[in-house]
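Chain naming follows the written order as A, B and C, and within any one chain the residues start at number 1.
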Amino acid sequence: MKDIREDIAWAQINKDVLKSLENPRKLYWVILFIAIAMVGVAVGCEVYQYNVGLGVGNFDNPHVWGLYIATFIFWIGMSHSGTLLSAILHLMHADWRKPIYRFAEAMTTFSLMTAGLFVAVHLGRVWQIYFALPYPNMRQVWPNFQSPLLWDAMAIFTYLSSSILFLYVGMIPDLAICRDNMHPGWRKKLYTAIALGWEGTDRQWRNFRITYLTIACFLIPLAVSVHSIVASDFAMSQQPGWHITSFPPYFVAGALYSGCAAIITLFIILRYVFKFEEYMTMSILKKIVRLTFAISMVWTYLNLVEYATVWYGHDEAAKHLLIQKATGTYAPFWWTMNFCGSVVPFIMFFKRFQTHIPVMFSVSLLLNLGMWLERWMIVSPTFADGYYPWTWDHDQWPSFVQWGIVFGSFGWFTMLFMIFCKIFPSVSMYEVKEMVYHRSQATKKLQATGKLAATGKGAH
Amino acid sequence: MGKRHLLALFNNFDEAEAVVRELRSVSLKGFDASKDMIVKSPIEHPEVEEFLGNKPVRVQWFTLAGALGGGSLAFLLISASQGNFFAQMKGGKPIVPFPPNFVLTYEMFILGGVYISVLGFLICAGLPARRSPLYSVKVSEDQIGILVKSDEGSSTALKSIFTKHKALEIQEEAGK
Amino acid sequence: MSISTLFENYSEYRHIHPVDDVPHNPYKWAMAIDLDACSGCNACSVACYAENNLPVVGREKFAHGQAMHWMRIERYWDEDGREFPDQGARFLPMMCQQCEAAPCETVCPVGATNHTPDGINSQIYNRCIGSRYCSANCPYKVRYFNWWDYPTTDNVWPAEMNQQLNPDVTVRGKGVMEKCTFCIQRVTVAKNDAKTQGRLVRDGEVQTACQQACPTSAITFGNLVDPNSTVHRKWQAQQVELDKDEQTKDMAEGGSELRGYRIYEQLRPFPSVMYMERVRESAI
């Protein structure tokens, strides 16, 4: 099974990908419509919450954080696989990344934008959100640089803008193709403007290669630092269940995990919707599935390490919390999370299922369900069973407002993502050409040496 | 004497390479291979750089400057803002605490590096650029283009080199 | 300008409080609460509602955990099988412990909560954006968030009741965090009076609302750095030191007979409230 057919004509690649900008399957519009309807739900809930106060989310006094923070971490986590994997695979010259990295990076960008919204949704006084920005002012009042939330803001800003630049720089040659081939209209004007007059000259390519490589080098430590910093929101605090040394790597592994699962989901959707069967091949799916399985085991390990260190750590409060997670109010969710995160991935162990589209689609959704629950199980139980006895036995259930906004965020992400894929080529044309070119060269070389070897043998 | 542009399109890199090698060895009036020849290709192709000869890339200096600038700016600005006249103790930590400042310095180091690299890319690659006088949409599809600039008198010689190496198409700037 | 301030005061900006720092001078407000005297009557809590314009949220929101009691009386029972009339509750009045190294301060993204020079953990309502990180990181969970816009909610301060709001204290709108301030409005008045008369605040000159209302005088409030103040003498008698995460008396073999302790000392927040353990039998 080959990653890609080597004899696809370059002109055909252009044609196939550009077609995705014109006429996708009907399902595209169905998905977009559902996504917009979901956003509508969230907007309604947010307007209500904005006007009445956060009380409508059913928060209460010791239990001040809820689904918003959990879902915020979820979206930040989801953003990790796109750019990080793309950058790592680029540095390692793994050329099978080429047909899939564009949409993965778009996933990064849009899930970060979704996560950013949760920061605002979570705030009690969102209209004062600019207080958290370090802007010079006459009174010399600055945000508190000691707060992990501020590191978060800085890290997310850096990651979001760098990811957008990475995505954009990598897309310039493709934008030039769009410019050259699209029929006149607003889109042609847009492509002409943002392709910056790219013509593929040697000078442009030379600088392009170095720049792309440099940004990739920066993005790897950046992506790792972003989720470590999100982990610091918890690990830097003093609460049981949060104050855990292994949190940063645990969060990074979890982030990669949910991101990879999301890549599988989107891979399957895009492949069908935009008829990308030639480019998003089963062989590539198999590679991502195997990668996801490997990461799922890393996550499982770190998860177990967390339990084990808490169990043997003699920190009464943390131990009490762990027991409460497994037996208390949150037990059903906690067990579902462990099941989805550590048991379900074993389906990917079987070769037969690795390329089975319906199975992989449902598995990837289950994995992300598990990862979402994981974030909730990090945030909420600590409030219900923290240090202070007064907070114990105090159950809190998120209201429809919280659930509605979380639900709508999935629509928001899907909406942005789908619109992006319709306006910009979601498969990198020039890089698929490179992939086809280099692979066919390699095959030719192999055939040549093979022939030589064969004749050599014959001579004796 | 007027300058003229010629654009020839080729089917593959081997032909383009042969043309480039020949152009670099010939001496024609008003044509300097290192300045007046541009190779356009639909994919990034390191061999092009090899047969074009060594041309320096300076983006990495922008990167270095950006990263160092971003990092030091962050540390200074953050420490200075913590040490302003409202300096107030928080959580018993020093007013200028190093660990958080290092975290932010790290982020700004990367931010500066990435931003200034992209700026450097735009400057070094000469983008946004005006479209060159001759351009074919075939270049963004599957053909390799060679754009040369020479004195009017030399264009015939150039054309014959292109044709010798199986140029698919030769475009010529409209006469003045 | 900021940069020159930074360089001039650099060494001052680089020490850790309170362990390698000079004590606050001339004021460090602190409390001592005698649990032996506390009868759990809730007068302190009521006084706090009246003094600090706390919203009365009503039965439903109270049951939901959205009450705004800065001062709360917690009840604890022994697990020895005795039922209610045989066993009375142990009471613990709990309010902001005004930690010297407060976990809530470092995590606020906008710096809305700070350590003041007289040793109080201040809360700036105008600056608060409602991220609630302070409450999440508070070991005592004594911070209360305005989940609703109480000033405009029905029956929080019904028509005539708003006449009794304390004019020295603001009412808080929705989306800000609040907590016990050690009655900062009273402290400020006393400090200003003392300043105009060119002296320091005398012991007993300023009382917190809870202290004033306590029928058994279980609460003592005062300036800890003043060697003659009641609160200083109580802390000294109980051998509780502000800047220790474990008291010397407790490290001695066999522990200590003295009753004074601070809650969650081992987490190193260095709280400013000392409790004195109850010695009488718990049945009332």
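Here, a residue touches a chain if its C-beta (ideal position, glycine included) is under 8 Å from a C-beta of that chain, and two chains touch if they have at least 3 such contacts.
Keep in mind the model is a prediction, meaning the values are calculated, not measured.
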item: Contact-richer chain pair (by C-beta pairs counted) among A-B and A-C; value: A-B
item: From subunit C, the most remote chain by mean C-alpha position; value: B
item: Whole-Å separation of chain centres (CA-atom averages), subunit B against subunit C; value: 63
item: Approximate Å spacing (C-alpha centroids) for the pair subunit A, subunit B; value: 30
item: Centre distance in Å when subunit A and subunit C are each reduced to the mean of their C-alpha atoms; value: 44
item: Numbers and ranges of subunit A residues touching at least 2 other chains; value: 140-142, 144, 146-147, 150
item: Sites on subunit B at which at least two other chains make contact; value: 81-82, 84-85, 90-91, 93
item: Residues of subunit C engaged with two or more neighbouring chains; value: 2, 103, 106-108, 111
item: Subunit B partner contacts - residues on subunit A that touch it in the complex; value: 9-11, 14, 134, 139-142, 144-147, 150-151, 154-155, 157-158, 161-162, 165-166, 169, 172-173, 176-177, 180-181, 196-211, 214-215, 218-219, 221-222, 225, 229, 232, 430-431, 433-434, 437
item: Touching residues on subunit A, where the partner in the complex is subunit C; value: 52-55, 58-65, 122-126, 128-129, 131-132, 140-144, 146-150, 153, 233, 236-239, 383, 386-391, 394, 396
item: Subunit C residues within the subunit B interface of the complex; value: 1-3, 5-6, 9-10, 12-19, 100-108, 111, 113-116, 270
item: Complex contacts: residues of subunit C adjacent to subunit A; value: 2, 61, 64-67, 72, 74, 76, 94, 103, 106-111, 127-133, 135-137, 139-141, 143-149, 174-177, 264, 267
item: Subunit B - residues contacting subunit C, complex; value: 76, 79-85, 87-96
